[in-house]
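Next come the structures, one after another.
Next come two complexes, and both contain subunit A; in the first it sits with subunit B, in the second with subunit C.
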Partner chain A sequence: MKKSFELKGTLAAVAVVALAGCSQSEVAVVSTGIESPSEVGGPVVMSRLTEDQYRNIIEDVFGSSVTLGGRFEPDNRVDHLIRVGAGQASVTAAGLEQYDKMARSLADQIVAEENRAQYIACAPADATKPDSACASQVLSRVGELLFRRPLTDTELNEFVTASATATQRVDDFYHGLGLGLAGLLSSPQFLFRHEISEPDPNNPGQMRLDAYSKASRLSFFLWNTAPDPALLAAAENGELHTQAGVQRQVNRMLNSPLLEEGVRAFFTDMLEFDRFDTLAKDATIYPKFTFAAADDAREQTLKTIVDHLIDKNGDYRDLFTTRDTFLTPLLGSMYRVPLLAPDGLPDAWVSYEFDQDDGQAGILTHASFVALHSHPGRSSPTLRGKALREVLMCQIVPDPPGDVDFTDFEDPDHSGPTVRIRLTAHSTEPMCAGCHKITDPMGLALENFDTAGGYRTTENGVPIDTSGELDGAKFADASGLGQVLHDSPAVTNCLVNRVYAYATGRKATKAEEEWLRSSVKDRFAADGYNVPQLLKAIATSEAFYRVVPSEAAMASAQH
Partner chain B sequence: MKVLNSVFSKLAATPVRYGARTILLAAASFVALSADGSPASAAETRAYAVKWFHYANYSQDSDCPDGLNPNAEGLFKRILEERGHTPAEIEKKMEDFPYSMYEAGIGQRGEIDGKPANPYLNPTSTKDPMLKLGQGKTGYGFNLDGKVSENDFVDPESGEAGVDNQFFRVVGCVSQLRSAPGELPTFPEIQWDMMRDHTPAWLIEFSDVDSFENDDDVGVRVIRAKQPIRRNANGLPQSDMTYAVDPDPRMANNVARGKIVNGVFTSDTPFDFFMVGEAFGQAEYALREARYRFSFNEDGNLTGIVGGYHKWRTIYTSWALGGATFEINASFDIPGLYYALRKAADAYPDPETGENDYISAAYWFDAIPAFIEHPAAQTALAE
Partner chain C sequence: MSTVSNLASRRRVLKGVMGGAAVTVGLPFLDCFLNTNGTALAATGKKLPDIYSTWYWGLGLNPGRWEPPTDGPITELGPETKPLEQFKDRINLYSGLKVHLDGRPAITHFTGNMSVLTGTTPRSSAVVTPTIDTLIADHISSTVRYKSLEMTSTGNPKHMYSFRSGGVFQPGEADPSAMYARLFGPEFVDPNAADFTPDPAVMARQSVLSAVRDQRKSLEKSVGAADRARLDEYFTSLRQIEQQVELQLQKPAPLEACTIPGAIGEQPVGTEVEQLTATHKLNAQLAAYALACDQTRVVNLVYNDMTSSLRREGSQMVHHIYTHEEAIDEELGYQPNATFFVTRCMMGLADYLAALDSIREGDKTLLDRILIYGITDTGYAKVHSVENMPQITAGGANGRIKTGIHYAGKGDPTTRVGLTVQQALGLPINSWGTDSMATSKTITEVLA
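The block that comes next holds the complex of A and B.
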């Protein structure tokens, strides 16, 4: 559910507040703000907007009827998160061309004669001449929403002057205004999130994010978009520099329907769902895995997550054991369960509960996971096990050595009827065993699912053995593996780390890691592994806004 | 299989499989797919969606000792010869084939009272080109009249003699309509493929099955769905989709009972078969004294035939409506097929003319596993 801030401004704050009241589940106001020592914090980050963030902001500011025409720079994954990679991304020359193209296209739509009444609250005295009052009004309002802070006088003057110059050249105020808008949309102040630090008067000697940087960090964390007018107002009036003010805004944001967008964005990043853009399966063997089916598979998991974590305020760990999910008829076909959508809605989503003995429990058994971490033509216990370790448990699986010998594994004469037999080489070859023993046993538990997510009990006529062990905990099948993950502290600790890295846009510092490992993890457990409460605990902690310069920055400052 | 077993057991107890939060169709029940051809442990129902439906041909090279019937090029040359064109003129016209064929007005080549006539709607306004009929002795179908005659076939699967499938003889030497075993006849394949994105799917449902290997009394029906098939990544119908049954009573009677022997179902008592097709293909499929034979294949799919007597003019109309476009692009002599059908028709003589109005025929099914959802009123098959 998206909202539009409406450039005409005055209605925006009212609309947002009204929306904040109609949430799908109220997040209770509980005591928040996990304490942290003064060294817990990290450097500011400058992050390039991701494609989703760009689109969300444009829709927020200009509504859903505008269209974007252009390509985005590819996002970059660092430390398993695109959000962190955004902090290390720049813009290429070709990328800037595309941003410019999109900016001009958007601006043209905004100032088009048929749209002016919707977007532009004032009118020039003479449409053939510059009108600095009207241009200032429009550009300052749009600029504040796009830059996530008020424009400085210098900035506003630059854009207004540029608009006036263009107007004089073509005797058209709206054309000039359009170029001013395009300038805002091409500006690094829009395309990058700049975090600004300032001395913290409440804690002499320490630094904090300035109010608008706090607003941005909060908004991109919880809603994956720029601050709305209410949050910008809270930044302006100093509310975000008070614990009560932060709590009030965080509660409002957590109770907004936009929380769903934020949660989706986080899990899309954490679960690496951007890889669906290039996911394909061998159609000869797996003809059911169409692009539409892949889209549905991705959405199935996201809907399940939102339903469980937000709508039901469920325990995060239960995502690995729940049989409740949502399916479309296409997914019903993939999972081989009968499922019919209402007449006239052939692709409608239907809530569904798998049976106890279906073997389908938890998001590990969703097509999204098993298909994403497989080869195009066959399953891969190694890829799945690696994903489990790295994506869900934040553990490191080393890359294979450059001189690994695949001969035995790829020799068809050595092939066994099941992948477990074929992977014996992994566990017996000394060069391979060290890493594969930490991936393959977990991945083999998912072998009831082929590379496209279909359930099977045999491979080449031989029953599939899905038993295994994870760090000493035995399991018989995928459901058992899900229960082991449910009970594993590594899984919940990993979520805490990922959420914090996502929220800050960077890897945690050592001090932050220690704080996360103790205080935050304990709070998460005490809150019943409730994710909205985790988000609140982080978003209302001083550490989240505390700026501790990096060692490199300190060294540089001293020079 | 885990899905089937759980659904089956649910069917025995409660009609709706999934939880209360899902869409609920009061007393709706699902017919579940059985897994791998293994015998069911109790009376079971299994459903399929039809992937292909076409003439049940068994064309072999020896079927046409005098060669195949002319294709569109040959037809055009013949027409030009009949019109008195010289070989040089014909060669010139062929340089611009097929456009020259349209320009030549073949769509008005008939003649009634000295005036040009549409040969497709008035096929007897043209001369009988004496199309060659298939001469083979092997062909799919059933012994519909209980006799073994000179013109009959032996079914290659059942070994039954006296098989009546005169329609196969009519198309047997037409290149775009004939097909070897396991192949699809070219033009019917195109027709079926073009229509299935918008035409409701056809479904086949077996019920009361104790064993898919051997069972003395099993029910089957062919029905139509409300939805068309969905295509998979290869452009073919996707298996394991769920369909709702079209309640149109015209297609509620394709019901039969029969036996399964060694994995092959054969129906007992003849019945009247009727399915709505599509105007681009064949608008209706209406077989009198119809029978079924279906095989449950190892890959989980179903293949088989339905045979009976079809009103030959209905079949002819499906070609005639395509006119010159069909004749040129599908490459067969449409009025010629009228004459061939009329001569080959072998049942239900018109009381006035004495000419047979029906022709024995057989059609091939190729079907994939599916689920059927139908309201409670339709769960029982008509006896």
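The block that comes next holds the complex of A and C.
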């Protein structure tokens, strides 16, 4: 069970507890911040919490024994990231109704008689009457963790007063307090991460994030959750306004077990794994691809990424060639490799190295990629190629044109046994060829994997030809494609751009893009494409905290 | 027009009796207007409130196969609208209307969809707002428990096409059991219950919601214009929650037609056509019950998504792929497999109409009171056409729409139907749409 912050303790005492748990596997942190010109920075962002962030914060603050019954509005993807979409999302009436329900359910659990000792450090003089002192103590403590900053006096007073009024309605202090807590949990200050800028005294004329906004940006970037008490303390005492303080906190965070959650969250977002929630395959053709199998497929890739990037401090590019992974017996049967359930546990994970002959080549050949980018009943080289271009290389594949004459595709010559034959018309019809030539040759290399991730060498009895080319580099099969991606600068540059957009919650400005291109990508290469080092380089740079208003905001301010 | 609710009046009724004790409140003023069938008394001229639904299906219909052979009164339906035969006197079909591109890209599926829903042809793949349902909801559904309900039958909440201004996406509820719980769970107040006992715990919530509302001023001071619009949307949503709480504290007007359906357990969902049809039937019934019980006056119901992922069990192909890759059967003259799914879409609409028609309100049914606007994304899916976009209305709109009519347009914008729908529901507008999609011409042939 995950330990919650100790709501009954003092901030300082909790900080010690949090720090003590930070030495699981030391990441060799050697990088220092990358210098950035003064124009590099961007606007502040107001982001709605994602579902995962909401869940993580609740677990951090209240522990894993509370249950979170409720539903979330789907997260919106903008510029290929949910993290960026969150910066444009609001809360609909149906969504707020759910937040409100979850909040009241949580609050009921917090104030339940059997849980009070754990969560509530004080007791009212009379449990049937308001007690402002006790309510204030609880609401200010929880409020600080939820709002990621101390509540203002006005805010605290409003929630304490509301709790008192509620208590009077029902003659029950704890019920009133619970409603006050529910109010905090339904507040925009909790549901939105609202960044605040302030003049930078060290750089006259420039703006920076205020200390608590810095703490939040760091924490959601590296841990995908709200700042812990130690980080809030660093914001309060000014540590986050010094380079040494930022270094100290970033080092601490990179060496925390919570880094795994952060890395998982980033790749879940980048690889569009949220789509697993609605992924289904035809149950008659692919009976093994159950919801459990889909969950395992997603987890297989995340485990592989965490193991390679964090535990082994590996090179990001090797994710496209490695045959090392983790499997469950269920996945083993999907990939058609023999895997005995260890100790008779059918759900257990085991580390596994594919043979050269198994056709596997890095995460591209995981079911999480080939199944996610396919139709329910059959594979799709076009969807897979498009995803390779857009997700991994940050390239844009245009939408198909309107008013296409599809007559050519109905030609019996194009209804052959393999998808390569069926797609011939796309690459020969001028209106279609422009896009299909950049997607299909890559996607066809993955045709040894059916829509459910199963390995095959024939389609409708005909041997599958997996040869292809990417930007002039030819390959014979998926492992060749993996090697080409491994060596492609577009792949590593894309990761740098995606990480920065994810970290800031918005698309990079032109100045930031130039800085990423000219400085950060070189540092990434010099650090052996080590991802924790990339996170550190960004998290310790001044650019990451510098506020440069957007052109739209400047124009608006001048009017 | 009157509305069933009158918050101010009821607040006065309740004043002074809410000190925490359980009390029974007398019937509010509206009951004197209603007879036992829930219909309006002729003497008052009052009607039950207007209700509206967008019903959405993906990938259109095959041109030449769905339109009635003649303009005017529908005497015969096309083969693809045959599933609506039972309701041919209760629907209108609009053919020959198109999306005008004004030189903008025809982004497959998206352009047709957005243009019909908003009256504006998009310039890029960015969503255009607001969609017509939200305009209508703001006008006719502001005083009830839910301003609108969104339900999708595909299992994917993102398969919904409702956007409020500011780009706020309203996702669809994909799980009928969750929608049931939302509608008829513990917070449902039965309008026909003999007694009404306001819950002090509900009143206690009001003070806290009010504290949340009070955060608005200080927050809005510190954000830019775009973020302020998003905060406004949050506080609009909060207002709706507050209104729901207020309604829980009031004895609702009895509604004879309102009955509570049997509980719906957790259901499998998916795009296999039989599964999806079953989910859609449940959604259709829930929509009908919700409207009859005045829980909302606007429902957005999706049958299948705009790039239809409908499929048959055991088949590698989905509806969308069939529309592009299936050859036209020379003997039949159309794509047989793609057309199979088209027919299923129309059968889905028939299911919805049947669910509404099964709820009697005096000598009429819910179908007579509602106005349904059937919308799709393409004219001819095989070529992603935005010409001859099929549009359907169903229901009598509380007597304001004549039915059983086929209107054959001649290339006018689709917005003529959207404008007609809005005017029939009392929205005070004379025109709708932008650029070549702008129109001030309703389809007068169907306005009563």
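Definition applied: the second predicted complex is superposed on the first by the 530 of 559 C-alpha atoms of A that agree within 3 Å, B and C clash if a C-alpha of one lies under 4 Å from a C-alpha of the other, contacts with A are read in each partner's own complex, and residues count from 1 in each chain.
Following the convention adopted for this analysis, a residue touches a chain if its C-beta (ideal position, glycine included) is under 8 Å from a C-beta of that chain, and two chains touch if they have at least 3 such contacts.
Quantities reported herein were computed from a predicted structural model and do not represent experimental measurements.
*Asks:* With the two complexes overlaid on their shared chain, look at subunit A and say whether subunit B and subunit C clash or fit.
*Replies:* Pair status: fit.
*Asks:* Contact-wise, after the overlay, does A:S187 reach subunit B, subunit C, both or neither (first, second, both, neither)?
*Replies:* Only subunit C is touched by A:S187; subunit B is not.
*Asks:* For the three-chain arrangement built by superposition, which of subunit B and subunit C touches the greater number of subunit A residues?
*Replies:* The partner that reaches more residues of subunit A in the superposed model: C.
*Asks:* Looking at the overlay, what does A:R336 touch: subunit B (first), subunit C (second), both, or neither?
*Replies:* Only subunit B; A:R336 stays clear of subunit C.
*Asks:* Taking C-alpha centres, what angle do subunit B and subunit C open up at subunit A, rounded to the nearest 10 degrees?
*Replies:* Once the two structures are overlaid, it is 80 degrees.
*Asks:* Mind working out whether A:T540 is in touch with subunit B, subunit C, both or neither, as first, second, both or neither?
*Replies:* Touch status of A:T540: no partner.
*Asks:* State whether A:T284 touches subunit B only (first), subunit C only (second), both chains, or neither.
*Replies:* both
*Asks:* Quick one: classify A:Q247 as touching subunit B (first), subunit C (second), both or neither.
*Replies:* Touch partners of A:Q247: none, neither subunit B nor subunit C.
*Asks:* Touching A:T165 in the superposition: subunit B (first), subunit C (second), both, neither?
*Replies:* second
*Asks:* Can A:G377 be said to touch subunit B (first), subunit C (second), both, or neither?
*Replies:* The second partner, subunit C, only.
*Asks:* Give me, in Å and rounded to a whole number, the least C-alpha distance separating subunit B from subunit C in the superposition.
*Replies:* Superposed on chain A, the two chains' closest C-alpha atoms are separated by 10 Å.
*Asks:* Overlap the subunit B and subunit C contact sets on subunit A and report the shared residues.
*Replies:* 283-284
*Asks:* Mind pulling up the subunit A residues that touch subunit B in the complex?
*Replies:* Of all residues in subunit A, those touching subunit B are 281, 283-284, 286-290, 324, 329-330, 332-343, 346, 350-353, 355, 357-359, 455, 457.
*Asks:* Would you mind writing out the residues of subunit A in touch with subunit C in their complex?
*Replies:* For this pair, the touching residues of subunit A are 43, 46, 71, 73-74, 76, 88-97, 100, 104, 152, 154-155, 158-159, 161-163, 165-167, 169-171, 175-176, 179-180, 182-183, 186-189, 191-192, 194, 196, 278, 280, 282-285, 375-378, 399-406, 409-410, 412, 415, 422, 552-553, 556.
*Asks:* Spell out the part of subunit B that touches subunit A in their complex, as residue ranges.
*Replies:* Against subunit A, the touching part of subunit B is residues 1-3, 5-7, 10, 17-19, 21-23, 25, 30-33, 226-227, 230-234, 236, 238-244, 371, 373.
*Asks:* Okay, in this complex, where on subunit C does subunit A touch?
*Replies:* Residues 20, 105-108, 110-111, 125, 146-147, 149-150, 155-158, 164, 166-171, 173, 178, 182, 200-201, 203-205, 207-212, 214-215, 218-219, 222-227, 229-231, 233-238, 240-241, 244, 270-272, 309, 311, 313-318, 321, 324-328, 382-386 of subunit C touch subunit A in their complex.
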